[in-house]
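Shared between the two complexes below is chain A, which pairs with chain B and chain C, respectively.
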Partner chain A sequence: MDIVVCVKTNPDLQMVRVKNREAVVEAVPYKLGDLDKNALETAIQLRDAAGGTITAVSVAEGNRKIRETIKEALAMGADSAAVVDDPALAGADPAAVAAVLAAAVKKLPGCDLVLFGEGSTDNYSGQVGPRVAELLGVPQVGFARKVEAVDGAVRCERSMDEMIETLEVALPAAVTVVSEINEPRIPSLMHIMKAKSKPVEEWTLADLGVDAGAVAARREIVSNLAEEQDRKHVLFEGSAAEQADAFVNALIKEGVLGR
Partner chain B sequence: MEKVECIVVGGGLAGLSAAYGLADAGVEVMVLERGDYSGAKNVTGGRLYASPIRSFYPELWEEAPFERAVARELVTMLGDGAQTTIEVASDRFTADPPQSYTVLRARFDQWLAEKVGEKGGMVVPNMKVDALLREEGRIIGIRAGEDEIGADVVIVAEGVLRLLSSEAGLAAEPVDRDHALGFKEVIELPPGVIEDRWHLNPGEGAAQLFLGNVTDGMLGGGFLYTNKESISLGVVVGMKAMRERAEKAKPQDASESYQLLDRFKALPQIRPLVAGGTVAEYSAHAIPEGGIAAVPKLAGDGYLMAGDAAGLALNALITVRGMDFAIASGYYAAEAVKAAKARADFSAAGLAGYEASLRGSFVLKDLQTASQIPAFMENPRLFTHYPRAVSRLLEQIYTVGPGPTPGLFKTAWGGIRRDFMNTGTVKDAWSARRI
Partner chain C sequence: MDFRYTTEQEMYRQAIREWLTKNLEPRARAIEEAEDGIPDDITAGMAELGMFGVTIPEEYGGMPLPDDERLIYAMITVHEIARADLSMSTPVYTLLTIGWSYIVNLYGTDELKQELLPAVAAGKAFAGINTTEPGGGSDLAAIKTIAPWNEEKQAYVMNGEKAYVSGPKECEKWGPPSGHCTLVKTDPEQSYKGFTFIWVPAHLPGISYTTYNDMGRMGLSTGGWIYKDVELPKKYVLGEEGKGFYVNMDGFNAARVLVAAACLGGAEKALEISGEYTAQRKTFGKPLGKWEGISFEMVDDWMRLDMLKLNLLRGAWMIGQEHTSPGTFGRKEINKVISTCKCLSPTLGHDIARHGMMYHGAFGYTKETPLEMFLRGVVSYEVGAEGGLMIMRGIIARDEWGETHNPFKD
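Entry: the complex of A and B
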């Protein structure tokens, strides 16, 4: 099975601080998205069980450092990679990224399965997977927590509140995965070294035959602020034991404890 | 065993500087850094002296992410309820190019790691080296997790604790006498507030050191550096003094060393400097202060030691230097490896150029010049008596009481006689002649 995994580079969220309700991303390192790693791990397990190849594909958004990220994907186990970088992508929105990814998938020699994380670690729009499936005209399964290869198809499981749904979808198809699906491997030094010699294709929009106008942002982010939380400012008085009791009671009353 | 030409252990300033020089010369180099990224685990006070290193990699410093060029130097002596600050400002400190800059390592080291990558070097974060591989007295590579990787030469730039090099027998285990411990907070303040508080032109910075009522009489002091949008505030204490204090203290008086910074921040002289700030970062880290006597063997068969791992740092009371030494030793390590590669000789003899160039440079020369400083600084009067005495003397000169005021000279002379004309001071002055 030849698999394409679409990956994105994200700021390391643990390092992002919020100042005046806005995220400070200056000097924050970028890394492969968490859910993208789950998708890649899924691909590696499918390939190792059934053979085939894995290509990691990434689209540069703004000035993000995708080349480092793509190395991470190669070190984990992708066989090759393709990155699309173009000045026209500076303000790319999810629709534009999906259009470029779909074009990239088409340009690759063969692809049976396209895998995504259910959303990106930073913006979490969750749009790109379904959009690419639509553009490629292939069936899509979202939020898979298990993916198995069966003859000419994949069998996916996803949890729907009260039940577990099992779907079988003929290839080619697109699947987005959730974080419970697996524990992504941490590449060893040897794998990191070997990744250096794996092939990486570099494409511009022209190489993909995508028109710069087609990736102009149709969405404008008006504001992106951290949630403002009202604090209750309750002060408990009395002995330590009384304070603890009052505190626990307050938490129960708020429904935080003992639900 | 998989093999590369050069492995650098530790992606701090020493390791990255070495890797940059090597990658630039086309040597296959791989930096292994245990932190999530370069800069994640690195602590400094805050000021990099750029003048000593400007001639190495001149293209880099043009675009380096410095915080502020230091225009004002302040030393504050904290006495009992009185303090004296000496402030020096000079156009020449910031004349093009400025002699020193404040820096934040999270940003600075990450940037340098990126530069190494651009030159074709490989920087691998999240990669802890577990051992240096030794065969017949020669370092032949490293072990990280399951993987053993060979190298013609290993540059050991693992920082002050030098766990790997002491384990491999390349250097003695660090001892407390040769080290200090630093505690530091980065406190965010708006740039305008910083410029007002330290009387700075936009973009300029201040460096302020504190002696006296900071370390409870132990060897050490406080520091403050202004960054673009924050200040770095910290306390440094000698490890030996700290241990001795802990051994002597009655349990009920035992105070934890990390509390020194909280107490420092709470001093009435410091409070207004940090007022309104938000603590963004806290860190603690050891500092080599043993001087030249504590520098281990710098090279041997298949390896070189650079930066803090080699004890290359200097606390000369008023100037604190380690980052420029780290960058310089990395530079000379790269030069030595290039020369060794040209002769295909990575033995101790083939790498001997390293120590020779450090001896010929400011690194070992300045450490040699300052060789008496570590012993001089063991004198507790430096951290108790003098800051107090200077402040008391000047306080009296400035005091106008209810009754008649004695003449200026009489006041001054009285103070000098009381606090400075005694055998202790004579002895201290005598021992200071060689620093």
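Entry: the complex of A and C
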């Protein structure tokens, strides 16, 4: 099975500070998205069980140090990578990213399965996977917590509110995965060094036959601010047992417990 | 000129930090209290990620790294381990093993490398250093352990005693080929020229050990060795017979990079702990960090830390350059940079631990924070180990101003 994993580079969220409700991303290192690593781990397990290849594909949205971070995907176990970098992508929105990814997947020699994280670690719009599936004209399963290869298809499991749904979808297909699907491997130094010699294709929009006008942002970000949370400063009095009871009752009242 | 890690170095740093934060950090206190060594699953996981193979070439089971970057990878490894285990047990275990393997790889015979290095890279052998004797450690010229060549036995026959050596229990636990790079006199009549640096497997007949009860760093044993007619074949000689003192000193420079990395990694983490605490702990209506008596001291520590990290990177890089292109810097230039790091880093670690305990107040005196554990651990490198602080000053005096300032020669 030849698998394409679409990955995005995100600022390391643990290093992002919030100042006046705005994220300060200067000097913050970039890394592969957490959920993208779940998708990559899924691909590695499928390939190791059923054979085939993995290509990691990424689109540069602004200055995201994509060439460095794509090596992380190669170190984890992707066989090759393709990155799309073009000045026209500076303000790309999810629709534009999906259009470019779909064009990139089409340019690759073969693809049975396209995998995504359920959303990106930073903006988490969750749109790109379904949009790419639509553009490629392939069936899509969202939020899979298990993916297995079966003859000419993949069997996916996903958690619904009250039940677990199992779907089988013929290939080619697109699947987005949730974080509980697996624990992504941490690349060893041996694999980091071997990643240096794995092939990385670099494409511009022209290489993909995508017109720069087609990726102009149709979305306008009006504001992007951290949520303000006022602390309630509730103090409970009485014995330890009374305080614990009052605390639990307060959590139930807030809807945190007992839903 | 570039002050950044390469993409691969940075990826490796991030990868091991993720693993160590998840797997080692939560267990540091338990390792300290159990006094039972580093757990096998920790050393196995570290080996799997390549941490024990950074100084070892691929042909001996190590990592496919450029030779001039090996010590930088080793420095990153030890720095990150020290952040995760503030007791200093795991960082010191690792720095000894990968630091002295670096020297075995540079100076050892192919037979010795085949015997030792694959087991080290797999995380299944301990390698250490063994110079100090009951009569002293800083005054190496006065050591008394002898190992003259015996033609009949076709071996160096070793007799004597070594003291304050890390790793006797670890050698016993792993079994062969664990052991120590050891400084002996193969020609007892000579002074410096009588020294040979030689690998001593810990399991040869005639070797026994005792252990000490240390103040800290309780997950790594310390002890003394007694050698009685121990036979060492020629394959164990590191470098040349009679040149042991210089091979040993070269090894110390590499080891001192890693010692400083352990102190600075722990110091960095301890300062972060203080940063978090002084941000949230309030006195008289404002966070502790707003009191300049506290924040300016933290700044002073941060400045010292930042400068030493940079200087250490320079030192690790210089050694790598010298070993791949001999003559690039020369021994004296390297000695001064490395001795600076080894002289200042343990004291900085101690200061940052002590300052952090002060900010934490009575809480800092409890075992609820790892600061006291770091303080007890880092002191081991203040009192000595890989060269005492005054010896470092003596080296710099000698190599900066020459014989008029050389305290080692009258």
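Following the convention adopted for this analysis, the second predicted complex is superposed on the first by the 232 of 259 C-alpha atoms of A that agree within 3 Å, B and C clash if a C-alpha of one lies under 4 Å from a C-alpha of the other, contacts with A are read in each partner's own complex, and residues count from 1 in each chain.
Following the convention adopted for this analysis, a residue touches a chain if its C-beta (ideal position, glycine included) is under 8 Å from a C-beta of that chain, and two chains touch if they have at least 3 such contacts.
Since the model is a prediction, treat every value here as computed from it, not as a measurement.
Superposition model on chain A: chain B and chain C are shown in a clashing arrangement. By the touch criterion stated above, A:241 is placed in contact with neither chain B nor chain C. Legend: residue contacts after superposition of the two complexes on their common chain; A:68 is shown touching both chain B and chain C. In the superposition on chain A, contact is made by A:17 with chain B only, not with chain C.
Of the two partner chains placed by superposition, only chain B is touched by A:27; chain C is not.
Using the contact criterion defined above for the overlaid structures, shared-chain residue A:222 touches neither chain B nor chain C, since it reaches no partner.
Of the two partner chains placed around the shared chain by superposition, chain B and chain C are both touched by A:192.
Once both structures are laid onto chain A, the chain C stretch out of 96-104, 132-140, 204-212 or 366-374 that overlaps chain B is 96-104.
Touching of chain A by both chain B and chain C, each in its own complex, is seen for residues 29, 68, 186, 188-190, 192-193, 196. The part of chain C that touches chain A in the complex is made up of residues 7-8, 10-12, 14-16, 18-19, 48-51, 53-54, 63-65, 73.
Against chain A, the residues of chain B that register as touching in their complex are 2, 4, 30, 32, 36-37, 65, 104, 106-107, 110, 114, 117, 122, 124, 126-127, 144-147, 149, 188, 280. If you check the complex, the residues on chain A that touch chain B are 12, 15, 17, 19, 26-27, 29, 65, 68, 186, 188-190, 192-193, 196.
Interface residues of chain A facing chain C in the complex, by the touch rule stated above, are 29, 31, 68, 71-72, 75, 186-190, 192-194, 196.
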